[in-house]
Amino acid sequence: MTRDLKELEGQIGKVPKFFKELTVRDPEMFEMVMKLEGHIWDDGVLTRKTKKLIAIAIAASLRDTHATHAQLIGAANLGITKKEVEEALRVAFLLAGMPAYVYGKAQLDEVMKEGA
Amino acid sequence: MTRDLKELEGQIGKVPKFFKELTVRDPEMFEMVMKLEGHIWDDGVLTRKTKKLIAIAIAASLRDTHATHAQLIGAANLGITKKEVEEALRVAFLLAGMPAYVYGKAQLDEVMKEGA
Amino acid sequence: MTRDLKELEGQIGKVPKFFKELTVRDPEMFEMVMKLEGHIWDDGVLTRKTKKLIAIAIAASLRDTHATHAQLIGAANLGITKKEVEEALRVAFLLAGMPAYVYGKAQLDEVMKEGA
Amino acid sequence: MTRDLKELEGQIGKVPKFFKELTVRDPEMFEMVMKLEGHIWDDGVLTRKTKKLIAIAIAASLRDTHATHAQLIGAANLGITKKEVEEALRVAFLLAGMPAYVYGKAQLDEVMKEGA
Amino acid sequence: MTRDLKELEGQIGKVPKFFKELTVRDPEMFEMVMKLEGHIWDDGVLTRKTKKLIAIAIAASLRDTHATHAQLIGAANLGITKKEVEEALRVAFLLAGMPAYVYGKAQLDEVMKEGA
Amino acid sequence: MTRDLKELEGQIGKVPKFFKELTVRDPEMFEMVMKLEGHIWDDGVLTRKTKKLIAIAIAASLRDTHATHAQLIGAANLGITKKEVEEALRVAFLLAGMPAYVYGKAQLDEVMKEGA
């Protein structure tokens, strides 16, 4: 299990406290979520970076403030720039309304440092 | 106006009937939507192709059956493959649930031909 | 009960088949829904017409295709014009994305005749 | 640009910090959002006031806590009363569930003073 | 009215401040919401407990942070355990995505004490 | 793989065409979805039946017409009655608005025979 957490950190950066607790409380669920995450995030025909931008845009579009924040935290570790997130959020504007863009950008400014 | 429609077709493929009617009914709104679409889709730090994949994943996540279909129609013209859409939909699975993935894939199979 | 249905028809036009069945299947639920609808739609500081426009815009924003259709059906009976619905849908565009506007307008063109 | 901000303030009250930053960071996006907002909010067959009530009801229906707050801030400047917002939120109750109404009212009590 | 509040507290535990204010501000709306709540929560072919689990899962699925919290508050009074809520949230994971599960569990850990 | 499908059919009734195709196209994804579904649906502190009712209510609340239909298809095989689904949908009414209830009931009447 510990190895899995290390691997995941190598892949997506800081692993949320939630996952760490799950290893003790519900190891079966943890293992499955781990495998699912692995399968989804692993480089395939799309890079991990592209998939992260998709995840941020979905989270903002759903007005999911917690998921937007969580996805943005991991973004910098994958070499994603503020400008790239901002362009992804424009698509969220078109598909899901201006508040998705406004809130996403507010979170972005908070999570990612200037010049990143 | 006609020029704008031609340009948009060059960029995203077949322009929906809706936009054509808007040129007559509400030219001011049409012009703005046109400019907004242009600004959002134009190649920037993200390619048009990446942004299209983001749009498909958002539409599927919102259970927006009409937008999912509309975005998929334009995807092939940008050189997007079925495999790429499928990986984008996996992110929708994680962020927005299995039905987003299942419906997105069903639409994908309908809109894009095998081998694409 | 029959009287209630007549009253509701006087207020919002054609009563959906669903409500008619509810009078037999679950009269207690029917009565409550009836009273709630009455309280919500009755002219207050906002007119029934204004509230109908709000309902159409919410339904379109939620990508609720059935509710959008149902609300549009009743709109003409309240003297609502296509132009008014179209302006309400622009707000849905801003708050909930272009697909809310596009689908709402497509439904509008289907339900309301030209010139209305 | 400065003139546009002044105009917008005349129309909808206090302009969010976000818009001010956009004038520097992405003037092209800013200008488009400005024009879109102008076109959507300008008095047409519906008044700005009616459209604001629609926007509040949509934001509450989408459980968009940030947009609900933002739209409510601007409401008083357009002469909207608490009672009017409350009736708009009842429609949100019917179309999108009691929590849309409860949260909307909680925000309303916070943003608008009694007697307004 | 006071009797109704007492009854509701007997049924679902602590009545939110919102309902108490409604008795004064809009007694007609209050009475209707009361009756609707009563009809929906009363033991029928499904127990109140089962319906509470459904409500928690819906609230988490809609990313409705306020409703998720409010529904969880009342859960313990109905004899619902953490393990039961956790299994209900797994269904939310499948139908509405991992963030619905993660946020629901975070709230659960905050609202319900260990061992409950 | 074939054994897994048989097992799943034993558990939740007819397996959708989608899953069958996944066994060929993306066996790794299929296996994970299979395990996740198994872990989520298996009788635990909540019965499979209770979890199915939760799934139906979530799907209706999200206005997810395809998932609502799919979940209802499997319900009868778990001994769920129309009356039980109807009570679950009332909770969806309260949490997510009348259209969630109305559409859910319309689908219910279509999928489940009278007297069930």
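By letter and in written order, the chains are A, B, C, D, E and F; residue numbering begins at 1 in each of them.
Methods note: contacts are C-beta pairs under 8 Å (C-beta built on N, C-alpha and C of every residue); 3 or more make two chains touch, one makes a residue touch a chain.
Just so we're clear, the structure is a prediction, and the values are computed from it rather than from any experiment.
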Open item on the list: Show me the overlap between the contact partners of chain A and those of chain C.
Closed with: B, D, E, F
Task: Co-neighbours of chain F and chain D - touch as defined - done: A, B, C, E
Open item on the list: Measuring between Cα centroids, which chain is at the maximum distance from chain F?
Closed with: D
Open item on the list: More than half overlap in residue numbers between the two sides of the chain C-chain D interface, or less? Answer same or different.
Closed with: same
TODO: Would you identify the chain whose Cα-based centre sits farthest away from the centre of chain C?
DONE: A
Open item on the list: Centroid from C-alpha atoms only, then distance chain A to chain F, rounded to Å. What do you get?
Closed with: 28
Open item on the list: At least two partner chains per residue is the criterion; list those residues in chain D.
Closed with: 29, 36, 39, 59, 61-65, 67, 90, 93-96, 98-99
TODO: Over in the complex, which chain B residues touch chain C? Could you list them?
DONE: 16, 18, 26, 29, 33, 59, 62-67, 70
Open item on the list: Taking the touch rule as given, give the residues of chain F at its contact with chain C in the complex, in rising order.
Closed with: 63, 65, 86, 90, 98-99, 102-103, 105-106
Task: Interface residues, chain B side, partner chain E - complex - done: 61, 93-100
Task: Complex contacts: residues of chain E adjacent to chain C - done: 28-29, 32, 35-36, 39
- [ ] Give every residue of chain D touching chain C within the complex, in rising order.
- [x] 36-37, 39-40, 44-46, 50-51, 53-55, 57-59, 61-62, 64, 67, 81, 83-84, 87-88, 90-96
